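One chain, chain A, appears in both complexes that follow, with chain B as partner in the first and chain C in the second.
For the complex of A and B:
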């Protein structure tokens, strides 16, 4: 016998209502509601983050994926409307053509050499300039610094003509012509890669002003006491810079080195302006542009013309296919290098807030 | 010793649970569908199915919940005890559900067939669809509410199901997805429905909603007199 059986109908109804109200009150509990709200907000934000990350990854990875798939697609498949991403006939023909037409290995070596040496000079000049602007106060140093910063704002096209002329007739206060039978020397031209080194060594390299700014900001943050203690020990300015400041600047050096290297590697503007690339001294960026422009003629002159049929050779799709493969080949060393220096690269971006 | 360690192993527990689910599934099939299968050309077994299906589903929910709570490991006796315990309420709810389903399907058919005739039909069509969605949310929660909160009236069960259905909409949606997936599987592969097609979704739903319901049901459990 249960207690419920002894209750009247009204009492049972009242009991049911009471229980129902208690459950509903529990469900409406503001504390629980807040906790649930927080949980939902957490889950929603996590979901949103995931969607954003997937979207961003897609935006970044999709072109690489597409480029890879295009590179492995046989040229005969370029007009096949059924192929969107995955090739029907996998082939290395595009790579064979791209490697041979761009003189890939030679271009790669030259580009690597130019980028590496430029990076070293960029590092040396911008670190010194940054240190000078941070620590060595002299009359007009701030004006000078802001003039350097001005070069960051001014587009390189503004100074292009004067630079090209200056390096075509390079002279320093008439000293060079004095010892060169009255003639200035032309630093600009095919194979004259030292123009990049001169520019980098004199703080005029690609976005050098940005690097100077980064170094200046970093050195300004280093405690003065460190330098003072070095000076008490008898160190001069250069010695302090070399032994005290530079070892502490590992992070900013890495950042600058990475960006200087990548930007020089991808540079088209200065390379074409100074006409450095030639058949004897090919550079990757210019080789891609040249082959894309003259692909038909280049193929006809080489023994590669038998690899693809005549109608495919004439197609603009084929040109873009080969240009795409060349671009992929150009990216490849950086992608491989990125796998090794990924941590440093991300650290650099985090530290400076700049992206390449 | 070897027998002991086997009985404690994960594989044994999984197989034990699968066996339970299969037995429960067969119990529901025998009670609700055996006559329908034997007399497939007759209409009257449908009445038996209508009178027993929802109570047996509720009973299945209760058996699985009790097992999850660690209260009762048996299958047969609790199943029939709960079948009897919840029978009246379940039958009343079945009548309400069937009547609502009939009305909603009728409304939908009428509004859909006259969709292009007037704006009222368009509004009625979408309104009916909205009501159907709400009804599905309520229906999905109904057995769970019945087995977790005892001693409430039919109207209170329906209201509470609606509240629980929309309290955690993602979970309810997942529940609908599971039921939908098993319904489709059962239509395509009837053998799956025969073996585990009813008890497995019930188990999954109980497991998914366990935490949400157990806190409330423990707090508001009916005192044993």
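For the complex of A and C:
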């Protein structure tokens, strides 16, 4: 300040001009311009990214939040317009009814068992096939590969009817009836969950061809040198596959396992096609679908009658509320499991190298 | 707290190892070991013929032949499944689509191109060979309309989902705060699929319509929890609310169906060598330019995969399946087969067109094609 006071007007003007010129030169400097532009672009794109992510995360998370809040709402409050998000009377009535209606623990155990075993079988069959298609090529193996890919392109609806008929009367060229008193066996029907395992083990499980594709792409990307060095060290083909290839494929295995498990867990189509679910062998998805039919009967039971008032009982909104709670209960184990697996899964993708 | 827990766990681990060591010294363990050894020796003798055969044949093969052998061995389950559970049913379904199928007492009777003797001794077909297809195309009122709708939605969905998932994958890639959380959230829709709930709600709606005939379906439930209503009542203009809710719905739909696609693209982007970007940056390319000149060409083979997957997926989800499945529930196997074949033909045509277009654009690094 003191220095400024001693300067004359002209000097001040000159100084100001100098500064102005310096700033302008700085602005006009192409290198600095580019650097600045890049900085601004980076800031802007990260801002945009943040906004998009927050928005999309909201879009994804909101329905889950909604489901949760609805599940805790007391059924008598469904017609109350004052309650928007947070329930006024927190209650577990919906859960009580949903658990009774779906035979929750039993069907949870069944669903878990079916999903787990199919996942293991799917992994085994698709990993073997993927490796064979990628590395153990012979004449015509590409044709076989595209034939298998047909199962991905042709939707399951086409084979639904013929498969259903075929499985209710299963017979391979009369071989089975030969050993079974001239009778074909029914692979399809209530409680016959092994049909899932047979399908999974033979690479016909839910979207198995997609998994074969993923495994093939991954194994194609593994350097050949790795295999060759194992071979030189005296490892056979099985050994190479088991000790060299599979440990490297952790990422794909996690991805495939997660998909196989979740798709089996959520599956409606095959479960209804094979008519597996029954009251002795309940599966979660089927139990949820039957909500509307069974709810009325369940609520006539004396011990449950007093849980909800009579005018609510008949309303369709109440049915939806219960269905919603059931769906939440079905998702809950998956969500909890996902929280633990999620890191492995997301890291797995990065190392999948699905690109071949 | 954390230390306490970890120390507790480590103490537990130590105790467990102690217990294990003690157990390994007991006589019981020795006994088990002995049994296991005997069993393994026994098994070796039981499987001796197999190992002998392997020694005489497999081990004497050249490595190439061993490979073929192993390959066939590895492929056996899948090929078995393919022929038994896929090829056979699909041929049967093809036959069904040309015939009259009746299910009687659990047994199926297929009348394929059967002829009757007419009054003048001539042969008269019971049914026209293409009667199922004729029914699907002309007799059934909504099938063909619904098929056309499916085609339209599929085309739109495929374009939107492919572009959307590529953009999201590009955004998810890279360094930023809360990366783990965001990624976890974005793959949630893969896990959190509410197909069962949707079906259940549809069932509710159907029953509701039968019961009350008032047309108040389960859509009521959505209203109950309405963000739109809330926003309208706090004074946001209606057009804005409608626009927002429409766009949110569309985005939600898109993001629910693009989990796998984002995954494929993310993996593809991550496998693009980093030095390409570095070189581009040194040459003065912006992020925007390097997206168009590097990322897009490098991931373009994956676009084919994603497009094929999306088309198949969106066909699987379409409304037309309800119509087709309904025929099956009604035991009209012939109609069911014919309809599903028409559906396959249409979907294959779309796939062929899409792949044909993309193959002209796609850049293959090894340039084999």
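Simple rule for what comes next: the second predicted complex is superposed on the first by the 292 of 356 C-alpha atoms of A that agree within 3 Å, B and C clash if a C-alpha of one lies under 4 Å from a C-alpha of the other, contacts with A are read in each partner's own complex, and residues count from 1 in each chain.
Simple rule for what comes next: a residue touches a chain if its C-beta (ideal position, glycine included) is under 8 Å from a C-beta of that chain, and two chains touch if they have at least 3 such contacts.
Note that the coordinates shown come from a computational prediction; the quantities given were computed from them, not determined experimentally.
Student: Return first, second, both or neither, reflecting whether A:70 touches chain B, chain C, both chains, or no partner chain.
Tutor: Only chain C is touched by A:70; chain B is not.
Student: Let me test your reading of the model: by the given contact rule, A:8 touches which partner, first (chain B), second (chain C), both or neither?
Tutor: neither
Student: Contact-wise, after the overlay, does A:199 reach chain B, chain C, both or neither (first, second, both, neither)?
Tutor: The second partner, chain C, only.
Student: Is A:49 in contact with chain B, with chain C, with both, or with neither (first, second, both, neither)?
Tutor: In the superposed model, A:49 contacts chain C only, not chain B.
Student: Scan A:20 for contacts with chain B and chain C and give back first, second, both or neither.
Tutor: first
Student: Looking at A:255 after the superposition, I want to know if it touches chain B, chain C, both of them or none. Which is it: first, second, both, neither?
Tutor: The second partner, chain C, only.
Student: May I ask you to name which of chain B and chain C touches more residues of chain A?
Tutor: C
Student: Which residues of chain B touch chain A once you look at their complex with the stated criterion?
Tutor: 149, 151-153, 156, 159-160, 163, 167, 216, 219-220, 222, 225
Student: Going by the contact rule set out above, which residues of chain C touch chain A in the complex?
Tutor: 63, 66-68, 70-72, 74-75, 77-82, 84-86, 88-90, 92-93, 96, 103, 106-108, 168, 171, 176, 180, 182-197, 199-201, 203-208, 211-212, 216-218, 220-221, 224-227, 230, 248, 251-252, 255, 260, 263-264, 266-268, 270-271, 284, 286-288, 299, 301-302, 305, 308-309, 312, 315-316, 321, 324-325, 328, 333, 336-337, 340-341, 343-344, 347-348, 351
Student: Show me the residue ranges of chain A that touch chain B in the complex, using the header's touch definition.
Tutor: 2-4, 13, 15-16, 19-20, 22-24, 26-27
Student: Which chain A residues qualify as touching chain C in the complex?
Tutor: Chain A reaches chain C through residues 34, 37-38, 41-42, 45-46, 49-50, 52-53, 56-57, 59-64, 66, 69-70, 78, 84-85, 125-126, 128-129, 131-133, 136-138, 141, 144, 147-148, 150-166, 168-169, 172, 198-199, 201-204, 208, 210, 212-213, 221, 231, 236-238, 255, 258-259, 262, 266, 268, 284-285, 288-293, 316-317, 319-321, 323-324, 326-327, 330-331, 334-335, 338-339, 342-343, 345-346, 349-350, 352-355.
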